């Protein structure tokens, strides 16, 4: 678990520490995993995945060029190997090898096509985990899995920091994230 | 229920609409109530209380002079009568008449003395309602009521707005507030 | 604000106190309001609405006969007049007069038709307020308003009670409810 | 990350999956860690810690004999070695070796003495992580760390499951848990 402030961030939104940890746990990544991180942003999930999957392989798909540069710098900072695919998913997913896990942090609107492409690449038993922050993306993802009779679990995670302000600890809410996890059968 | 943006606000933190509504409901204010609002801030609670207690009387206690000016302007804007006491509570509470309800939005650290002074002024059956945003203030308030065998109810209220951003509704969390309500026996 | 335990409840789920208070505030009910409560359940919202709208009129639409009996008994207990329509909405909504406010606590799946029928009955400037507990109902409601370019505000309300257990106050979460409010233009 | 239902549970309360995962991550347990789990309950945290700390050592301290039996059975089920200390902490902590991490799930009221004993056993740089569910335990823990000028981070984690009920996903809130983590300097 890497502290948020250790990542190089720029103006790109970053998945918070606890959400990263839960996402990677639900993706069941181990030392040999081959993983794709779609909408990788700062690369914080890709980097933590790469630290676990030491003998595996991490692909980070990201369309924004400022973010691509952050992923490159964060991978360098943490001395991990992340293969960056600068594309707007589902573009760029065709070239992926067979996957143990797929993580979707951002989808840019084409979620069903991205899920189709990812599930095609996933091994049987492989995991797909989404982080969603809008009602519509959550609804679209659940509908996608329901329609295909793919079992999922979904939980909204609301984290409230107790921040020291003098002799008080003030409650500061982070925006909730819904984590949706499914397994390919 | 007045929209938050209708109040004149400056840099002073303001109780959000839903918290105001629940606080006033738990204080059981009616058209004849005599009410004090301690740590009145922008005066948003005082103004809404005054709109309900048309034949009653609202006192707003506030130590910050910028806030005092906001209370004055908000009372004027909504055409209600709020008597402002520019003091650091418990100073200024001695001069209050018998109260139907006391609301504590901010306490500046002297919470026990403020509660002592307010309970002394409350009618039997009167309500005292606190909004707390730090762990320590919540703990101090509950300990105060427990020690004196005063029944209370306490709930943390976490509101997450679904904000329109293009074709999405994004979850945006507000900081949670704990509302503690007790009744003088 | 009536305590939850004062209502006669049976096995029918009941809107909790704070959600009732916020729902009625967002519906902007006053002493003359004509209001319908669709999916009225125990009638707790209908009864509180009737206590505010003393010179107005409250209609409670409910399909479940056990619930209908609870509404009748709760209205009697609180000495208010609630006209019960034992029907599965949108059935039964045609006969309503012009409305100041419509509250939808339960929809049984036909939400768009219910909203069509309610909006047809609402006065210009009238309010419609929904309480939703499933992702799909929330998504359907927001999509309904978006498609028709009706402005709405939507917030998820998560209440956590601090319950006394000996010398501790334990955090007990209630299930979150999303309150969606719109105004007819 | 082990599914909750895979643990043998009886009537003993169990830390939920996500809270276990975050607690273990904040405790920074690795393959060689020596860890104590105080108030181990069903042993779910001890078992997951033992699966990570394959070459380390896990101690589970628990006073309740029904729970002790569950820890034993869960350790057996997951084929891990957990040394159970059937005692009411701080009793039983004296015999522990030097620790990399200490986890406190339950304290039975003697929290300061337990923290004293654990910090005495922790290596410099070692982590102590508490899960608290009452306001008083949270306040006591933060006060303990503040008084001793030990840095901590504390976050309330609120998880809301989206549970499939027919064609809907209903929001079901779990009780929030506060995770407090500190490092021995």
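Residue numbering begins at 1 within each chain, and the chains themselves are lettered A, B, C and D in the order written.
We adopt the following convention: a contact is a pair of C-beta atoms (placed from the backbone, for glycine too) under 8 Å apart; a residue touches a chain by one contact, two chains touch by 3 or more.
Computed from a predicted structure; not experimentally measured.
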item	value
Pair joined by the larger number of C-beta contacts - A-B, B-D	A-B
Rotation angle superposing chain C onto its copy chain D by C-alpha atoms, nearest 5 degrees	180
Chain whose Cα centroid lies at the greatest distance from that of chain C	D
Centroid distance [mean C-alpha coordinates] between chain D and chain B, Å	38
Rounded Å distance between chain B and chain C, as computed from the means of their C-alpha atoms	27
Residues of chain C touching at least two other chains	135-136, 138, 142, 158, 160, 162, 167, 169, 171
Contact set on chain D toward chain A in their complex	1, 18, 21-22, 25-26, 28, 138, 142, 146, 153-162, 167, 169, 171, 178
Residues of chain A that touch chain C when the two form their complex	135-136, 138-139, 142, 158
Chain D partner contacts - residues on chain C that touch it in the complex	133-137, 158, 160, 162, 165, 167-176
